[in-house]
Amino acid sequence: MTRPAARPTARVPNAVGLVKSDYGGLPSTLCKGCGHNAVANQIVQVAFELGLRPHEVVKLSGIGCSSKSPAYFLGRSHGFNALHGRMPSVATGALLANHRLRALAVSGDGDTGSIGLGQYKHLLRRNLRMTYLIENNGVYGLTKGQFSATAEDGLELKYAGTNPFPEIDLCAEAIVAGCGFVARGFAGDAAQLRALLKAALAHRGTAVVDVISPCVAFNNDDDSRKSYGYGRKHEVPLHDIGFVPPQEDVVIEDHEPGETRIVELHDGSRLALAKLESDYDPSDPARALARLFAARESGEILTGLIRFDGERPSAAEAFRIGDVPLAERSERDLRPGREAFDAVLDRY
Amino acid sequence: MTRPAARPTARVPNAVGLVKSDYGGLPSTLCKGCGHNAVANQIVQVAFELGLRPHEVVKLSGIGCSSKSPAYFLGRSHGFNALHGRMPSVATGALLANHRLRALAVSGDGDTGSIGLGQYKHLLRRNLRMTYLIENNGVYGLTKGQFSATAEDGLELKYAGTNPFPEIDLCAEAIVAGCGFVARGFAGDAAQLRALLKAALAHRGTAVVDVISPCVAFNNDDDSRKSYGYGRKHEVPLHDIGFVPPQEDVVIEDHEPGETRIVELHDGSRLALAKLESDYDPSDPARALARLFAARESGEILTGLIRFDGERPSAAEAFRIGDVPLAERSERDLRPGREAFDAVLDRY
Amino acid sequence: MAVLQPTDRSAARAGGDGVRVNDFSLVVATANGTGSQTANLALLRSIFLQGVPVHGKNVFPSNIQGLPTWFHIRASAEGWVARQAPEIVVAYNPRTLHEDVAVVPEGGVLLLDDGLRGAPERDDVTTYRVPVAELMRDVDAKPTLKTYLANMTYLGVLAWLLGLPLDVVERALLKQFSGRRSLVDANLPVVASAWRWAEERLEKRDPYRIEPMDATRDTMLITGNDAAALGSVVGGVTLAAWYPITPSTSLVDALGAHLEELRPEREDGRDWAIVQAEDELAAIGMVIGAGWAGARAMTATSGPGISLMAEFAGLGYFAEVPAVVWDVQRVGPSTGLPTRTSQGDVAFAHALGHGDVRHPVLLPGSVEECFEFGWRSFDLAERLQTPVFVLSDLDLGMNTWMAPRFAYPDAPMDRGKVLRGDAIPDDFGRYRDVDGDGVTYRTVPGDANERGAWFGRGTGHDADAVYSERAEDWRANQDRLLRKWATARELVPEPELDVVPDAELLVVCMGSTRFAVDEARARLERLGATFSLMRLRALPLGRVAREALETHARVVVLEMNRNAQLRGVLAADLPEVAPKLASIAHLDGLPFTAEQVAAWLKPHLGLDRARLAKGAGA
Amino acid sequence: MAVLQPTDRSAARAGGDGVRVNDFSLVVATANGTGSQTANLALLRSIFLQGVPVHGKNVFPSNIQGLPTWFHIRASAEGWVARQAPEIVVAYNPRTLHEDVAVVPEGGVLLLDDGLRGAPERDDVTTYRVPVAELMRDVDAKPTLKTYLANMTYLGVLAWLLGLPLDVVERALLKQFSGRRSLVDANLPVVASAWRWAEERLEKRDPYRIEPMDATRDTMLITGNDAAALGSVVGGVTLAAWYPITPSTSLVDALGAHLEELRPEREDGRDWAIVQAEDELAAIGMVIGAGWAGARAMTATSGPGISLMAEFAGLGYFAEVPAVVWDVQRVGPSTGLPTRTSQGDVAFAHALGHGDVRHPVLLPGSVEECFEFGWRSFDLAERLQTPVFVLSDLDLGMNTWMAPRFAYPDAPMDRGKVLRGDAIPDDFGRYRDVDGDGVTYRTVPGDANERGAWFGRGTGHDADAVYSERAEDWRANQDRLLRKWATARELVPEPELDVVPDAELLVVCMGSTRFAVDEARARLERLGATFSLMRLRALPLGRVAREALETHARVVVLEMNRNAQLRGVLAADLPEVAPKLASIAHLDGLPFTAEQVAAWLKPHLGLDRARLAKGAGA
């Protein structure tokens, strides 16, 4: 719909002079066909296309198959593979220490929705500059197939039996927590995922991208809502989505102008959302939630940009951190002089 | 509006032969005027009026001023004062161990919304038989006045400065987590609080009652949304609420019959919700959330039964626990006989 | 090479007649997630069915599919089961081909997937090449299934080489598939065709043989986690709350299966519940809540979970709530090596929690003890009203071991000092030390006798469980807790102690390292070096352990961690014996071999290197 | 009575001339939340302004309003500041009236709110009755404020009794109110009217006096938490993440205040951030994240928080991330006594985390050291690339102590082995032990030289930080970590050691108990009993500590916990000296008195009880 951004091809250097393989990592040790591998591939592609400077990105993760994947992309970026469920706090510290970095964080549904739910919600309140990607397969892959908190009520799995509890919808959780960028993708829909990831990386605060990423080892039967089969059949994109880099014109193809909503991002890039089913408005949290609940009822996998609010200050702004990152301050800034020190002592 | 239940008076025994003082506890050590004291008094009153059998109730709490209060009521009931933020897991264990008990749990906004948010949400997914009362004052009382996660964005406190983060609405959180009974009360509105507590105690699953309970020591300036002054001025009850015990008729006074919605509870008691502002329907989670968000925008303290769904199975049902509580099973049930044991060994 | 250590090449040498009967070590190298586990376990069980003592160890990666896995089998007529450098190597994994081939000792056996390219030539070993592709050509199955079935080819060839009849392999497979014939029928033909191929095309050129004997009668083959689960069921567990983590997950899996079978759902429902908590912090919270409410409750976890349980462990200790916590240890610190074995949590678990806490720790050293401590831990926790930690490890918990048939508990459950109904005295006080042993009487919620009501807490309290900040109350309560600790010393299992008269040296060990220690001891004895041996089965130390430590002139504490944790615990508990506590502390994730242990002990026994090397090879 | 222990009645006896100048102990008993803290601190500061050494301790309940609080003041010309049984008691709290009156020693002084009913009569003490209601009658203020102001009455009367001029009290109040005159003006009139009332109506009948001296010049009055905060600011902290918990909260409060002043916001913003996390688990996670990203980050907490930090502590150790963790200890286990002091986390913090971990622990024993370790801890953490724990306690942290004026750091910051930009070599590997001291070079995110990029993790890794399950990699890394530990022994602060030639006995202590130990030592010396004294200032032990332990024939380890934790750490570290490590371990929430310590040490010094009792009273 929008003019396709002049995509660099794999072997031609991008805007910062890097070729696609410069964004690769170690070979994946995940299962063949795992959704997480598909997502990692899109990350490499997106980073290449956007011309990210590897040293301006940090990769963060928790523990799980999903959380292993940062080793498989952006090998020239620093990264930290934290504890199970506790990546958000590590991210908070790292991004406050150096607020010029942007984080590309990968977590799993168990990592975020089960053990990590509290940290996830509190991270979102603080609104750090990061893309929080959840590779959501409804199970614990790495520990071999138990239900995670995002498994749907009634899901039957060979190993884990029947899940009797309602699922946690990590997009709904993000919306209620006040997150300004909430999207859902599907590992089987690469084009949309790339657009969402680009927009997420351009967002000034925390962007949640919950990607249905099937676990071929433990949860990929067609009747499971986290399977490839189900996703292919029941994915309902809210809109056709196009990412427009800064300085480029939005050119609407295919769709009537009036049918497209333009979302401006903080760095000057834009998203063009061409309406599909309805003129979905991501600015209203209550409607977003209503739509999510309705989709759950009807068994749809709703994808796209579900909620957007570009106004909320980032955490670095809330903490009023100055230009120079905390981690780069030198002793001259950090150690008060003798006189000032003496003046304080005089008061005691 | 409904016929007032024939209230036992303080010194006349109630249905189970106890007088009001039988439901009392140790003298409070909280500040004079603390909202939590008002709530504790209503608990004593409600337990007395309902004719609760003390040994069928367990009192549970975390850590905080609020979490101390179970010592101040129901002295004849067992109780457990757990860790900060971790009461939900203790409750889960205790109520699965003895699913005939109902829990009366008291927590604070720090205890539940900050450190305890993860356990809170997961407890609600499991739907144990308990009344989860949050004494919400927007601050940490016991540690002297820091913001909790329910403090509103922009709140200024003498001690804590200005809060730059969006508040967590524990009712909205409960609704998104699938909780079947979500109510909000105000420590300054005793009659409504009593009706809500009675209904909560009759609910088969987890009933959240988030009570605005001002901290007179640290957060009671009139412009704070958790103060008595603000509450008195801005409370917007969704309905006039009346609790009707089992076997009694609902008699509508004051209101036209059509204006009242009857909510049936699991034990045969009912709530009569007489519409005030609108014909609010607590059965729709999306509308409930929309209404909560709107109230936050406009500065209202919305009180009443915000969300109700009596259908979800309780945790004991989900785990298919038999009639006799786990804690009361004897060795005869619990230790398999020699033959059965031998048959298993034969397989190895 | 990470896992296989070709240190003891002489071990492969055949006996005088050139034949090695019922005594060899073997390793199968495959990739994770290719289904080789079935073939490995069927091989193990076939040997077992022939009456030959055997043990299997899986050394697997922390992933689901594609990374190298090594399965060790040790057959030993004498019953030795410690890890041993392999004499027979099955090399089916292209990614580790070079290292796997390199590890075969001189005179050893190499079984090679003939389709793997670039295998180095070894003319000092007996090499058999299995034409896997050819054998699989006519197998009619889906590609994924075919990958699985391909492992049956080495099973068939090995069976023929070792002299295992096909019908024995069939019985083993049937057991392996829990009697499901259809699965056997899918696998057996591949085994058979490989067996027959070998019979027709191979010439037996190596000395290793299995011959039937009668050493496994009344013996089980079971993992420690399965045994622990069975013990817990017999111990009357009613609530298990847990969070998945390797290597404890299979304990809870087995628990569910045994409960379904042994305590099946009645018409009105179950008498148990297994709750997958949102994390370990919640899991232990549920266990504490249930224990307080009167139920027998447990959790199973590993190191990271233990760390997360610290605050609740302190609450359980101080509020005096019974609880059972299984820590199936893996290599830490932090996430460490999730699929490698360790004894690295001993000191931490023993004193888990801030402030002054101490927990009884049980130290199972066999699958029998995993079973026994499965039920005994509940008796102990309820008798002492405190969390009890059971420290197993990955090697014991996840690997398959022989065990004498488990003994049904010899005593009824001990529910400890619980008062109900009219038995609750008028002057009931939760923490009054009526009996003087530090263990007080408790009541549980739901009791209609409301005299028994009390308010549990992790804050300071007096003898009636009422909040107190008074210094005297604190002291009195702590003094009682110390009396309780003295009581615990008498109640926990005594060590297994074998005192050699006049021996100067006492070796102290715990848990699964005992297998290597036992074997090393036998080897050293053959060299004339004797020592007393004490395998601790619990902390705190009781009288027997103390006396053994006191009466020996020298002590070596041998353990599988870096920090000499057990030695530290002993030194702190018994400072007077500390100087004689020498330490052997080693950890790299692999179970000890007898050879390692013998080498470490040698300096403590005055044996010179040359003599030992000879002996260790025997 | 919980807090005041009237054990040493003879202590109140006056000197030969019947007068006790600049040497007494006093306690004020009030209810929490009534504002008495202002009066107490003003009294303290008035004495200080007269040049007399003084110290104040608040023994307060875990609530906000209404429960009993005792404020102890010790004035001592000799500079002794340990807790001491009070000679002067101000009884203003109706709820504890009886116990407070009972605690006054024979010959002591009782100052009584005359309005309190039913105070027992004591004819063996000097009683002054203050007509509080009458003095307050004409005060024009809101009722709540009036409750607060009523405390000024005992300040006024005490000032007169002790001989403190009104203008000194006024200066003290002005300091107390940070120079806000209006607040002084509200309070001072009540003080003055009480002072004048006393002058007119009382006859001085007791021996206690303050007379000006010159012992507080160049001396500060400050709490340990405030000092720690100031030290941290000077140490260049940039991120503090924390969760409120008594008694550490005031450390972070002070940190914010000092940062606002000493590193004020520039036009573009601040060079620091203080994050109130959602719990301690998140707080330490933020600190680890920030430390990894190159910032100086810290947290402050107490026991329950330490428990919650266990898993991250292990990660920090193993991924080798600098971090500073203050544990202001309170009484555990569990929630325990949140407002009472303890040394009960030493062993736990030292080895916090599952698996084999070890953390350097700093042990400040004065407010000066709280300040010094405030900055030194960052140097140490970055030099060693590991979490460093600083173990203060409630007594040190929250109470007001004298200290020599703090010394500005004598060296620039030591940021350790950080490589940036072109300094990053081509063959950079995060965990390569280039220098052989176990400490490797690190790079931080954001550096444009992408050669330095590495992926941090808590899983097993090789020298290049790449995931590895190989046994050799694990061992090599652990061996290096042990080398680093040896380096740590040389870098942590040495103990304060005072060796008495030929002394047989060495007493070992740490932290705030040193005040009582120092005083007891002086008392015992007067009885002719001498011993060497070592105050540990850090773990692990370095050479000096080891030698001191080795060279003394006998050692007593004195500490404020039940489990003799420090003794246990020493025994585990140095088993060869363990047998001579006798233990004095005691905990009831109250700071030790010199009398207690002297009594405990007596048996180790061969002093008989009678002689000691005499001496202790001197």
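A, B, C and D label the chains in the order they appear, each numbered from 1.
Keep this in mind: contacts are C-beta pairs under 8 Å (C-beta built on N, C-alpha and C of every residue); 3 or more make two chains touch, one makes a residue touch a chain.
Worth saying up front: this structure is predicted, and the values here are computed from it rather than measured.
Undergrad: Between B-D and A-D, which chain pair shares more contacting C-beta pairs?
TA: Comparing B-D with A-D, the pair joined by more C-beta contacts is A-D.
Undergrad: Where the centre means the average of the CA atoms, what chain is farthest from chain A?
TA: Computed centres place D farthest from chain A.
Undergrad: Distance-wise, how many Å sit between the C-alpha centres of chain B and chain D, to the nearest whole number?
TA: 40
Undergrad: Where the centres are mean C-alpha positions, what is the separation of chain B from chain C, in Å?
TA: 45
Undergrad: As a quick test, compute the distance in whole Å between the mean CA positions of chain A and chain B.
TA: 35
Undergrad: Multi-chain contacts only, two chains or more: what residues does chain C have there?
TA: As it turns out, chain C has residues touching two or more other chains at 62, 278-279, 304, 311, 315, 319, 334-335, 457-459.
Undergrad: Specify, in ascending order, the residues of chain A that touch 2 or more different other chains.
TA: If we look for residues of chain A contacting two or more partner chains, we find 83, 114-115, 117-119, 122, 126, 149, 319.
Undergrad: In their shared complex, at which residues does chain A touch chain D?
TA: Against chain D, the touching part of chain A is residues 26, 53-56, 58-59, 70-71, 75-83, 86, 88-98, 100-101, 118-119, 122, 126, 319-329, 331, 333-336, 338, 340-341, 344-345, 347-348.
Undergrad: Going by the contact rule at the top, pick out the chain C residues touching chain D in the complex.
TA: 2-3, 5, 61-62, 303-304, 306-308, 310-311, 314-315, 317-319, 331-340, 342, 344-345, 347-349, 351, 353-358, 457-460, 468-475, 478, 482, 561-565, 567-569, 571-572, 575-579, 581, 587-590
Undergrad: In the complex, go through chain D and note every residue touching chain A.
TA: The contact residues of chain D facing chain A are 175, 178, 220-222, 230, 233-239, 241, 258, 261-263, 265-266, 268-273, 275, 277-279, 281-297, 311-312, 315, 319, 405-406, 408-409, 412-413, 443-450, 452-459, 466-467.
Undergrad: Which stretch or stretches of chain A touch chain C in the complex?
TA: 29-32, 63, 65, 68, 83-85, 114-115, 117, 140-144, 146-147, 149, 217
Undergrad: What does chain C use to touch chain A in their complex?
TA: On the chain C side, the touching residues are 33, 62-67, 243-246, 249, 276, 278-279, 304, 334-335.
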